[in-house]
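See structure below.
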Amino acid sequence: MTNDDTDKRAGKGANALWGGRFAGGADDVMRAINASIDVDRRLADHDIDASLAHAQMLAACGVISSEDAKAIAKGLEDIRAEIAAGAFPFSAALEDIHMNIEARLTEKIGEAGARLHTARSRNDQVATDFRLWTRTALDRLGLQIEALQRALITQAEAHADTVMPGFTHLQTAQPVTFGHHCMAYVEMLSRDAGRLSDARARLNESPLGAAALAGAPYPINRDMTAETLGFAAPMANSLDAVSARDFVMEALAGLTICAVHLSRLAEEIVLWTSPRFGFARLSDRFSTGSSIMPQKRNPDAAELIRAKVGGMAGAFQSMVLMMKALPLAYAKDMQEDKAPLFRAVDDFELCLAAMTGMIGDLDVRPEAMAAAAGEGYSTATDLADWLVRELGLPFREAHHVTGRLVAEAERRDIALHELPVEAMKAVEPRIDERALGVLSPADSVASRTSYGGAAPVRVREQIARWKEKLG
Amino acid sequence: MTNDDTDKRAGKGANALWGGRFAGGADDVMRAINASIDVDRRLADHDIDASLAHAQMLAACGVISSEDAKAIAKGLEDIRAEIAAGAFPFSAALEDIHMNIEARLTEKIGEAGARLHTARSRNDQVATDFRLWTRTALDRLGLQIEALQRALITQAEAHADTVMPGFTHLQTAQPVTFGHHCMAYVEMLSRDAGRLSDARARLNESPLGAAALAGAPYPINRDMTAETLGFAAPMANSLDAVSARDFVMEALAGLTICAVHLSRLAEEIVLWTSPRFGFARLSDRFSTGSSIMPQKRNPDAAELIRAKVGGMAGAFQSMVLMMKALPLAYAKDMQEDKAPLFRAVDDFELCLAAMTGMIGDLDVRPEAMAAAAGEGYSTATDLADWLVRELGLPFREAHHVTGRLVAEAERRDIALHELPVEAMKAVEPRIDERALGVLSPADSVASRTSYGGAAPVRVREQIARWKEKLG
Amino acid sequence: MTNDDTDKRAGKGANALWGGRFAGGADDVMRAINASIDVDRRLADHDIDASLAHAQMLAACGVISSEDAKAIAKGLEDIRAEIAAGAFPFSAALEDIHMNIEARLTEKIGEAGARLHTARSRNDQVATDFRLWTRTALDRLGLQIEALQRALITQAEAHADTVMPGFTHLQTAQPVTFGHHCMAYVEMLSRDAGRLSDARARLNESPLGAAALAGAPYPINRDMTAETLGFAAPMANSLDAVSARDFVMEALAGLTICAVHLSRLAEEIVLWTSPRFGFARLSDRFSTGSSIMPQKRNPDAAELIRAKVGGMAGAFQSMVLMMKALPLAYAKDMQEDKAPLFRAVDDFELCLAAMTGMIGDLDVRPEAMAAAAGEGYSTATDLADWLVRELGLPFREAHHVTGRLVAEAERRDIALHELPVEAMKAVEPRIDERALGVLSPADSVASRTSYGGAAPVRVREQIARWKEKLG
Amino acid sequence: MTNDDTDKRAGKGANALWGGRFAGGADDVMRAINASIDVDRRLADHDIDASLAHAQMLAACGVISSEDAKAIAKGLEDIRAEIAAGAFPFSAALEDIHMNIEARLTEKIGEAGARLHTARSRNDQVATDFRLWTRTALDRLGLQIEALQRALITQAEAHADTVMPGFTHLQTAQPVTFGHHCMAYVEMLSRDAGRLSDARARLNESPLGAAALAGAPYPINRDMTAETLGFAAPMANSLDAVSARDFVMEALAGLTICAVHLSRLAEEIVLWTSPRFGFARLSDRFSTGSSIMPQKRNPDAAELIRAKVGGMAGAFQSMVLMMKALPLAYAKDMQEDKAPLFRAVDDFELCLAAMTGMIGDLDVRPEAMAAAAGEGYSTATDLADWLVRELGLPFREAHHVTGRLVAEAERRDIALHELPVEAMKAVEPRIDERALGVLSPADSVASRTSYGGAAPVRVREQIARWKEKLG
């Protein structure tokens, strides 16, 4: 898309369209910076859909004849087929996908083709196409997020009881289960999907009929084209319709935030599969190896997912910079809106697919997780909570007592549950054998029964809820 | 907020709490990088609200006595009053607002204070407080956006017929009205408000009771605290509850996108009030002057609004960088989450207020706008559309004919409507006097009657719709 | 580039290289996310150069035979010719350009090819290639910046006396000349070129021989390969050599800052060529038009340049995000480093070329500039300075007096120099006719003779200095 | 700093300065968005220095009397003392530090004070002050980077032989030493310091005397003030002098890149001190603990350093957004330039100090590192290199053979050096006992003697070079 005028062409050979006014023609530099066809050809299908809806409406409103509308429809479907077959003669001199298709249409059907652009402009046309493309992309991404959620839920179900360390500061803090951990990501992804879905709803209004910027002086029916194209309504202000790109920024922000979540999971996969953790093993399908160290499995896909958040956040920043301080209505700056979103969506789909595959294949090592979960006096808080619950100690005092018990165990270089009850009583006389019952990681996890807690019973409830929700 | 442990203190003098384990104490650098009280004291009110809800619930569930709950409630309200009065003894050694308040509470009410932290942790506590703060901020910003919309609508109503040039590429394109232009921003702001409102709905779940990360081993009722605090529900996964910061990113993305819209309007105000445009004049209240050039009115506020989008987009990028690749659950990195949002919200409120004031006071110069709207053959497309509508020319041919007419007018250095009909007929014989009826900017605007178009009748419809909507 | 292992291949058909260890093979998703050949094939020439230098050095050090080195050299030059001719069989299964070339070499020359990778790894190889590519790009960009400086100097020379308004806040402030304005950009670009040149110097050290990360257990001579490839020295730490990507960030920061300068000039071109300013006219070659409004010249190239700063700043942000918190040494994340720089450099070259063309062709309208320069009491400060210089008034008092004179002129709706001397004397009795001599824009400009000032004599000095400097 | 006019004041009570022109006064919103004194008061010392230099020069050039210059100098030093003593009456109504100081000066010394602002403007004044502030900051940061380098060198010297695993993809790759690892950061920091030093050199030109934008109509000597203030030269174009802010972007880019390096080291500290690695232990001074898990040491400072790269990169993006597309010369947008740099520098100093402290105190655990270095057949490449060196196998074949040997060892679940020579001979008959001599991590490291390699002898050379360099 190039600018607000509906019928011009760049390039030395395109003087016919510019009416002979630009004697010099645009030179190579200008053509190179100006043409967008290499990028916007991805809009082709949506451009054809929008033109079909537009022509049908023009005929219904009596602006063009129904014969012309039929010829246009036939011609556009032929072009769609040509493009699908790789037989369409794309021309950089025609700058963008809109002019390429329209010029080809007129080539094919003559004068009727020259009537298609009545009551519209490239400004509303590109806005319509791009909203349709984005809507389709968001729908597809929503399904992919669901697929990743399902993969996580499957792992969660298999590992609802698999004890692993819960970390804070990458230090062992309290035991949780791998299933619980997976379900945390199911929650995050659910909000991510919600953001994309909200963005989808907000962008789903039709710019078509806003024309160059002021609306059209024809008795057109914008509701009709909106409905045909699946939009909830026509946009209510023609200037806004052609100059708004907040939907691109919102989509990119949504992708970026989800990509941050994926980067967190990717980082954990890198950690878990490192020999220093040994919590999990990647499948052959989702790791790369070495001919010389055949046991080695590099988490390349996880690392690439982790890296690609950069591209998405960068794309958001690009859009913000591009739109900052642009006066209404259309400015050529806005031609730079598509490449960042196209790239971000492509990358994002790849990330979701790779993550879904990795999680699906992930070979979890419960023993290694369990061993790590028991280190570092990870159940100290359970002991403190026991002191509160059973002996009625105030929380802060219970913590103080527990700290002294841990210190004693550390001095003896033993685990907390190995500390003789007598040694415990020396610190707090009311402690008895029952306290030992909260000191294993499995007992600790089982006790976390508050809503949303790590207890397997709670995790299974969440799994059931999600399975029903996702159908 | 510092980390996942619920009961520790930094600083050389705080060894009592660390149990004498850190012989060296934290030195000045550590204290400086670690303390957050200068930032997070803004959470004080929400921290107290959350503690009140928590204590009330603990008592209702039998975890603490109702006497203790009452003492806690009394103590917390006293502390709230102290803070409001500026009499609260903030201590950097106590690191954050949570420890400051809890330590003060215990100072005031003794052992009951030491029971407050039962079944919670600073991890769920800070998440709860910060969500409450953000929710409140988003609500306030929503109202401010509405105020700006009202100011724009008032101007739109006064100028529904005030013709001005619609620009593309900052070149005159087609006439619109100033009212139509204002309403474009009302639409943008409406989507902006929708984004903040969606963000608000999505963050409005309660982390409280997730404790450090695994949930609590007490029979607590998370629904009850959620309801008390106005949350829609408790968060369903304890790990997610303490480690999620997507709500901060989403809020910042929403602010940034709205700030981009404000920057576009700010840019236009700078342009309109420049002597080269002369479309409008800022009031004394929203411009600064010069003792030496007393007629000069600098649009400082508009420029500052335009600049401040940088701070907001920067804050979003800061949060993305901070959260990228952080393993679950809590990491100290997350302490850096509040300052960017606090600053962005403060700046954003200022921008909205200043923009509302500027728009409210803006002194529009209809004559200058009208003169500019008539320049540059801005109604050429109207003539082309007339040729299509009245003579049935195909759109592309109509444009070609019009181009030749404009060229003829340009050659004669006259306006299009000054071109003799004979000269028009020389180009296209079927043209007659009626064509002149579409060539004034006012006629052009009046003809743009498609839904959402620039025609005053359409603009007034939108004004009416919005006045009803905003109540 | 994929990872640290020097000899593996992905893809179902590549089990031979993975030694049959990965029974499943990498599936399509993995291949899609993993392969980089579509991006890194641009490194081909540099990869061949580095391999030539490496083989020559290995032979000189006795690690391989000189026959093998000769065979390798011959094979590599054949491959270079194949690539240049478009005849090279690129394979995605071989993942990256390094493996593509090496596999092809062995295909061509047999065992000698299998000796090339001795004492190196893909880790140091890709770092070397990418530094060479970046160095070449920075050199090229430096020349392009110079070309733009020359175009600006040419305009400055032609317009050293062309008075135009100097703006602050887009309000008329003080007269300057168009030549002076152009020279401001020459200065900015000079610092931009300095940044790229500093970046070039800093990156110009050779990673080759760092091998996977620890250096090589062969008697190699890293100084020799460094010298052959034009590096100032070998990098002094093998871990740093393979894991450093600060050179990419620095190059992108340098591009971004220069792009900000270009965006400022682009914005000014959009303003100057707007009908509301009318200060300049773009050539046919660097504007686009409309068949219907043939007089219209849209500054598309300027707008695209203004927009493209977004892509560059976004690329910088992407790199920062990608590198943030990556442990040493190589991580697959770093494969994402090339696409952002490649794109940014491509765009930047286009921007520089288009800006150079636009400036070279720019048709300046001195009368419009002069008229605008005289508006708005733009010489009020000159009068104040006269009061200081000639009457000895303190600066602040002189400003106060001038403010009253301007107010009087504004009341009478006349220019400052039209104010009768008597009216001036009424405000400050010591004013006489000489004061009128400073009130024209041309006089004002001529008086700004401090070093670097707007006076034509000063501007010509700077032009002369720059012409000598650029040769 | 507010705008280009040198002598105005905002605020309802400041009508005297605005000459009664702004009847309405600026309301609270305007004052809030407009005032910068809370931020720019940090420029006070530099503002005084610049005024001293300016007054001295004015007297030397005969523009003011030497009595006035003396009175000004005396008054300014009094003000400096007042500020240092906390006794200066800062006024928000006077907007910025420049007006605060000048107004106070006139209060103190009368008419001479009103002469100080001759031949300058707030535009060149703020640019001068801000460059001086930035220069000072960069010098200070350079020293802090050196301090961190020294701390790393000290650790490197102590651990030049301490074998640790070199990672790629966080998988064990090849053994290195902790000393070698530390020296990698010394190299990175050296380039970081170089960037700051280049930025310092580039910004070190004096804007003073550029006045509002056009230079001054007085016989001033800009070389003299430049020299007094330690600038290398006066800036050569007055428009550029007041509108350039690339120095802020360059400084922020430099900080950001160094912060990325710090984030990598911070990430490694988090990993090394995690119980899953156990490679190192933080001192009491640079970790925080828990009353309940007293053995726990949270790497809070490392995490905060890791997070703070976000603030710096965000500040860079803020500046890019702020400056994008700003027409020359001064725009109020530029008032937003100081807060991001001030905050980034403050944070950066804290990060450098905390990192220096952490590294200095770091308690390395050589046994844990050594154990990890031997895992995962980390010396497989050493065996392959032996096959190349001693048996003359082509590199790719040697890797293939080694892969089979590793597979055999893995099948037997033993280390490579535990594989009987007979088993080795079964794969490659020419292998003999000498091969075992390269299979220990220590032998592997010792063999990496190429320049910059991990061999202790090489590492010690680098340590010696750096100790001499840093003096």
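Going in written order, the chains are labelled A, B, C and D, and every chain counts its residues from 1.
Quick note on the criterion: a contact is a pair of C-beta atoms (placed from the backbone, for glycine too) under 8 Å apart; a residue touches a chain by one contact, two chains touch by 3 or more.
Keep in mind that what you see is a predicted model, and the values were worked out from it rather than measured.
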Between the pairs C-D and B-C, the one where more C-beta pairs touch: C-D
Chain pair repeating A-D, as identified from A-C, A-B or B-C when over half of the contact pairs by residue number coincide: B-C
Chain centre separation in whole Å, for chain D relative to chain C (CA means): 22
Cα-centroid distance, chain B relative to chain C, in whole angstrom: 33
Multi-chain contact residues (two or more partners), chain B: 3-4, 6-7, 19, 21, 167-170, 271, 290-294, 296, 298-300, 303, 306, 309, 313, 316-317, 320-321, 324-325, 331-332, 381, 399-400, 403, 407
Of all residues in chain D, those that touch chain B in their complex: 2-8, 10, 17-19, 21-27, 29-30, 32-34, 283-294, 296, 298-301, 303-311, 313-322, 331-336, 340, 350-351, 353-354, 357
Interfacial residue positions of chain C with respect to chain B in the complex: 168-172, 270-271, 273-277, 290-300, 303, 317, 320-321, 324-325, 372, 375-377, 380-381, 384, 399-400, 402-403, 406-407, 410
Partner chain C, residues of chain D touching it in the complex: 3-7, 19, 21, 106, 111-112, 114-119, 123, 166-170, 173-176, 180-181, 183-188, 191-192, 194-195, 198, 202, 209-218, 220, 222-223, 234-241, 243-244, 246, 249-250, 253, 256-257, 260-261, 263-264, 266-268, 271, 306, 309, 313, 316-317, 320-321, 323-332, 381-382, 385, 388-389, 394-397, 399-400, 403-404, 407, 438, 444-445, 447-455, 458, 462, 465
